[in-house]
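Handing you this structure, nothing more for now.
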Amino acid sequence: MAKKKRYAMVIDIRRCIACHACTVACKAEMAVPLEVNTTWLKIVEKGTYPDVRRFWIPRLCNNCTDAICARNCPTQATYKRDDGIVVVDQHRCIGCKYCIASCPYDVRYINPLKNIVQKCYFCSHRVDAGLVPACVESCPTRAMVFGDKNDSKSEVAQLLAANATVVLKKEMQTDPQVFYINADETAMSNVEEDINYYTEGALAKLRI
Amino acid sequence: MAHARAGLYGLVSRVFSGKPSAAMIEGMKSPEMVESLAAFDISFDGEFLAGDAQEQAEELAVEYARLFLGTGEHIAPYESVFIRGWSEEAPQLWGEATVAVARFYDEAGLELKSGRTPDHLSLELEAMAMLAECEAARRESGDAGGAAGIEELQSRFCREHLILWVPEICKAVRARSGSSFYRGMAALTESLVRLHCGEADGAD
Amino acid sequence: MLNITRRDFLKLGAASAAVLTIESQFGPIAKAVELIEGGRSVNRTSGLPRSFLPSTCMQCPAGCGNIGYVEESRLVKIGGNTVHISNQGTLCARGQAGINALYDPDRLLTPMRRVGQRGKNNWESITWDQAYADVTQHMTAIKANPGSFVYLTENVARDNLGRRFTYSFGSPNALGAAAVYDANKLVATELTWGAAGDMPDVSHSKYILVFGANPLESNPQFVGLARRMIDGVQLNQAKLVVFDVRLTNTSTRANEAHYVNPGTYALVALSMANVIMQEGLHDAAFIEQWTNVSAAQLAQHLAQYTPERAEAETGVSALVIRRVATEFAATHPATTISDAMLSGMPNGVQNERAVMLLNIITGNIDVKGGLCMPRQYNLAEPNPAPPIPAASVLTNPPDLPLASQQSIQSAIQLIKNRKFNVGVLMTHGYNPAYSNPDTGTVEDVLKDETLIPYHIAVTPFMNETAMLADIILPETTYLEDWSAEVRSSPELVPYVSLRQPVVPPLDSAVSFFDIATQLASRIQAGMAQYFAFNSASDYVTAQISSIPGLVKAGGLDYLKQHGAWYDPKTRPNYGAYTAGGFSTPSGKIEVASSRLAAANFAALPTYEPVQDFKDLKESELVLSIYDTALQTDAKTANCMWLDEILHDNPVMINPVTAARLGIKDGDPVKVLRAAKAGEAKERSVESTAFVTEGIHPQVIAMASGVGHTAFGSVAQGEKVKMSEIDNVELKDPNLELIWWKEKGGTGVNTKQIVPAAADPIGGGQAWGSMVVTVAKA
């Protein structure tokens, strides 16, 4: 019996050049308002001159297998599809923000124009039409790879098999489906401080 | 009544379409115009009424550019800059509202000759003027049903588009312009749209 | 509440109709208009098909292939074109943000003429007819002295129409801004191997050595080169070694990053070359056969650049210099990458030649994985083509005989000092009042009607330069335009990319092709015959006629459908120079440049210390203005998606330096440059301190591309100011989400404090040689 699809993303940080193509691709594709982001870059600096480096990770919804947000949503507006993508039904969302409080990764936000919750949903509209998510398509160095990890022939599956990967906040046991190759541990930590809307704090971390 | 609506919409459309000519400025100062405007609580200041129309044409050309063209802080007079669609994040030209307005013109049988983006304020107002004329023509030729249909088209456009942003932009013009001409015309436009949409007390 | 009677309404309606005597903007009421048909193929998003048109980006010089996705007559998304060799279906942040520019509410959509004094920002809209008449009148008035027409553009080599317009009028003065960007590198490469520019074949390299460049964030091909660098490092296990003055996304990615004292890159490179020659690691056969020096000659010249001397002056240890030199020479293939940070110096040409030398002596010239010569198609000059009038002091400044890329700073000075009389100035696609060094002088010149009697600005947007125009012609953006585009290919396989309108021109915006054609027919002066093309796309057809393979594949029709073309049978022809030699006087690589010697410059690559850096006082620092992946100089700051990420330019400063100066992270600071001889006062800009370990203690750095004072509401973070009337709080409908004016600000244009100073060889601006002091503001 054929295995169910399980969509996942692998981000190879060795290839990522922090160019923000994914940030803007998502803005354009998802019509994300200013002030909030569905996808963004977290950049940190470590070390002392002259041994100093930058470390970064693209951040987006992890479409967790065991999503706390989906469990807690009072109206089942947010739920997980069979293929693993966690979506928000815009018409059922009442903007109670329980899911925002539930998400350990702070990837959800209230759309300031419509007062409903939005987040990355792996461009399911593109995926259903046989296309990769917008961020993946735009990535100039092909650092982002997307596909069905249950299909052993997929690039995602092969990358996962051949490389050590980490996920954000593994201890929360949400089983995130965004896997990072070579991500720095400082960049991967303190995600609760790394908010996806622009305040003084986030600005400092996102500074070019 | 429809004729009157056509005249009024036509006038305000012309005001927002571009700088006024000296002839138009003269016309605005005619006793009949001034008196009629007074009933709408609109008056021009003494300076405007006494001024030389030729000079004023140049002044108002600069004022028009300052208010509406992109040379500095200005008001972009397009519906999609004021109204954001379902999937829109910030004001821009050619937004969802623009598409909806273009569709309306299509449905109403209006063919744009001007290269202007369809949701420009002057175009929306002129569309109302044209439809009002059409309504008047039908009524006069005894086609009451047809006239009613066109009247309903106008009302619909007023409800679905004009009332959502015209009062807003008129307020902005009044706040930003030092010219009693533009302030007066903005006030007139706002009153007209509110009346048309049944928001203010008055005729019809 | 108004109490309007029916009678009031009727009366005003009648009075209104009497005032009106204009032509309607609508045709007579008829039935529906035809729908706009979509492009050639369909893309599905949201379950609905989108029309699809390939084109070419213009948000940075790279010219990647893009695709415009159109729904209901409007552009809704921009993506990458999969068949374009350079970017291969991907598209960077700037390219995708092109929609913001196309639909910028502050776009200029009607011609405008200034009212009152120049620069006071009072305009009136006029019709195109009136605009053309005005321009024609002024151009006709200078017909007897056509050389007084000056045309200013960004890249004169690429601006075919601009040159045609200028030459056909009878003026040679089509000026480009290469001197502000990469002129020194172009001159250096030209002098050395007879071709302007280079292309490091990084995806095949095993060793990549970077001097004064940050290719992963900014390079002339951006995505095309950045991706190939990552491929080289990841797939080819290339070692990446970077020399820089600050931490960048490239240096952080490197296996080794070394900080270098400002202005001393060339000494590092020459010292390495010395080591390579000393250790006998050089490619003796290549030097013998393909350069115009002998190994012995070269070794003798390089002997002065000992690693110990380099260590003392550059801050890079002799150990590192020896090791990296040895590795570079021993690893094949290897290449260097260098860019404007290296060559934008008073010794820029020599710096570039010094770095080139490393590839030359190791035989890495035009080999797979090495430093290769540019491969680019030549577009045809459509017939008939106007003859090029004799050169002027503007195009060939007498004090810069080797500045083949012109010198716009020199031109500004000549005009300012009345050594050249301008009759009419046309600016197009370049904003000198923002992008030039010493913008104050540029502004002074542009404001002065005795120096610039008449200024036509051709631009889609208001900007600092258009503010000082007499007439503005609203041009189409690149998304509404036609052109044929060629670039130096990062794949070393040349290609042609088409720019075609993905939407029709907005409102009254007109393409430069149409503007030029109209003016040519009105001005006459023999111009019209050179603008007798039926359309801009016909012009493109004529341009690509010189490429038989493309013509055979279907020419313009092919390009309209696919967006880009390259010959599928072409493979990079490494070592092509072996057939006919190099296009230099000697036919070889001119390590010893006879042309430099003839002009009394050092013939061999030489290290010339920056005089201003000698004896830097403790309070003095060197300012580095750097480019980013998010803003392209003057072009992109009206794109809100880009501004949201990068809108200001804090001053990067080392913590030890900051502590010494009593500056903490976030403090407002003033960057001050002392007055030079002839200047009345010092220049300064203010910003906030960004204390970071990632910068040399003697250097401060600020990003370019922000700090506009005239480029629309987004660039300036303006919210339309409203006042309260009738006690009603006005909603701010425009740009209420532009949050960054308050948080972070919109930056400052640091270029305004940089004095105009050119490399005496290349004429290119020496951006990086400015000394400043920094203090709490």
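To keep things simple, chains are lettered A, B and C as they appear, and every chain counts its residues starting from 1.
Just so we're on the same page, a residue touches a chain if its C-beta (ideal position, glycine included) is under 8 Å from a C-beta of that chain, and two chains touch if they have at least 3 such contacts.
Worth saying up front: this structure is predicted, and the values here are computed from it rather than measured.
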item	value
Chain pair with the most C-beta contacts	B-C
Central chain of the complex, centres being mean CA coordinates	C
Between chain C and chain A, distance of the C-alpha-averaged centres to the nearest whole Å	34
Rounded Å distance between chain A and chain B, as computed from the means of their C-alpha atoms	46
Gap in Å, rounded to a whole number, between the CA centres of chain C and chain B	43
Multi-partner residues of chain A (each touching 2 or more other chains)	27, 33-34
Multi-chain contact residues (two or more partners), chain C	99, 640, 737
Multi-chain contact residues (two or more partners), chain B	89-90
Of all residues in chain A, those that touch chain C in their complex	14-15, 17-21, 23-25, 27-29, 33-35, 45, 47-50, 52-55, 112, 125-126, 128-129, 131, 134, 137-143, 198-200, 203, 206-208
Chain A-facing residues of chain C, complex	44-47, 77-80, 87, 89-93, 96-97, 99, 216-217, 222-223, 226-227, 230, 233-234, 247, 249, 252-253, 257-259, 628-630, 640-642, 644-646, 650, 654-656, 690, 692-697, 703, 737-740, 743-744
Of chain B, residues touching chain C in the complex	1, 3-8, 10-11, 14, 17-19, 23-24, 27-28, 30, 32-33, 35-37, 39-41, 58, 61-62, 64-66, 69-76, 78, 81-82, 89-95, 98-99, 102-103, 106-117, 122-123, 126-127, 130, 134, 165, 168-169, 171-172, 174-176, 191, 195, 200-204
Partner chain B, residues of chain C touching it in the complex	1-6, 8-22, 24-27, 29-33, 72-75, 99-100, 102-110, 112, 115-116, 121-125, 461-462, 503, 505-508, 640, 710, 712-713, 718, 720-723, 725, 728, 730-731, 733-735, 737
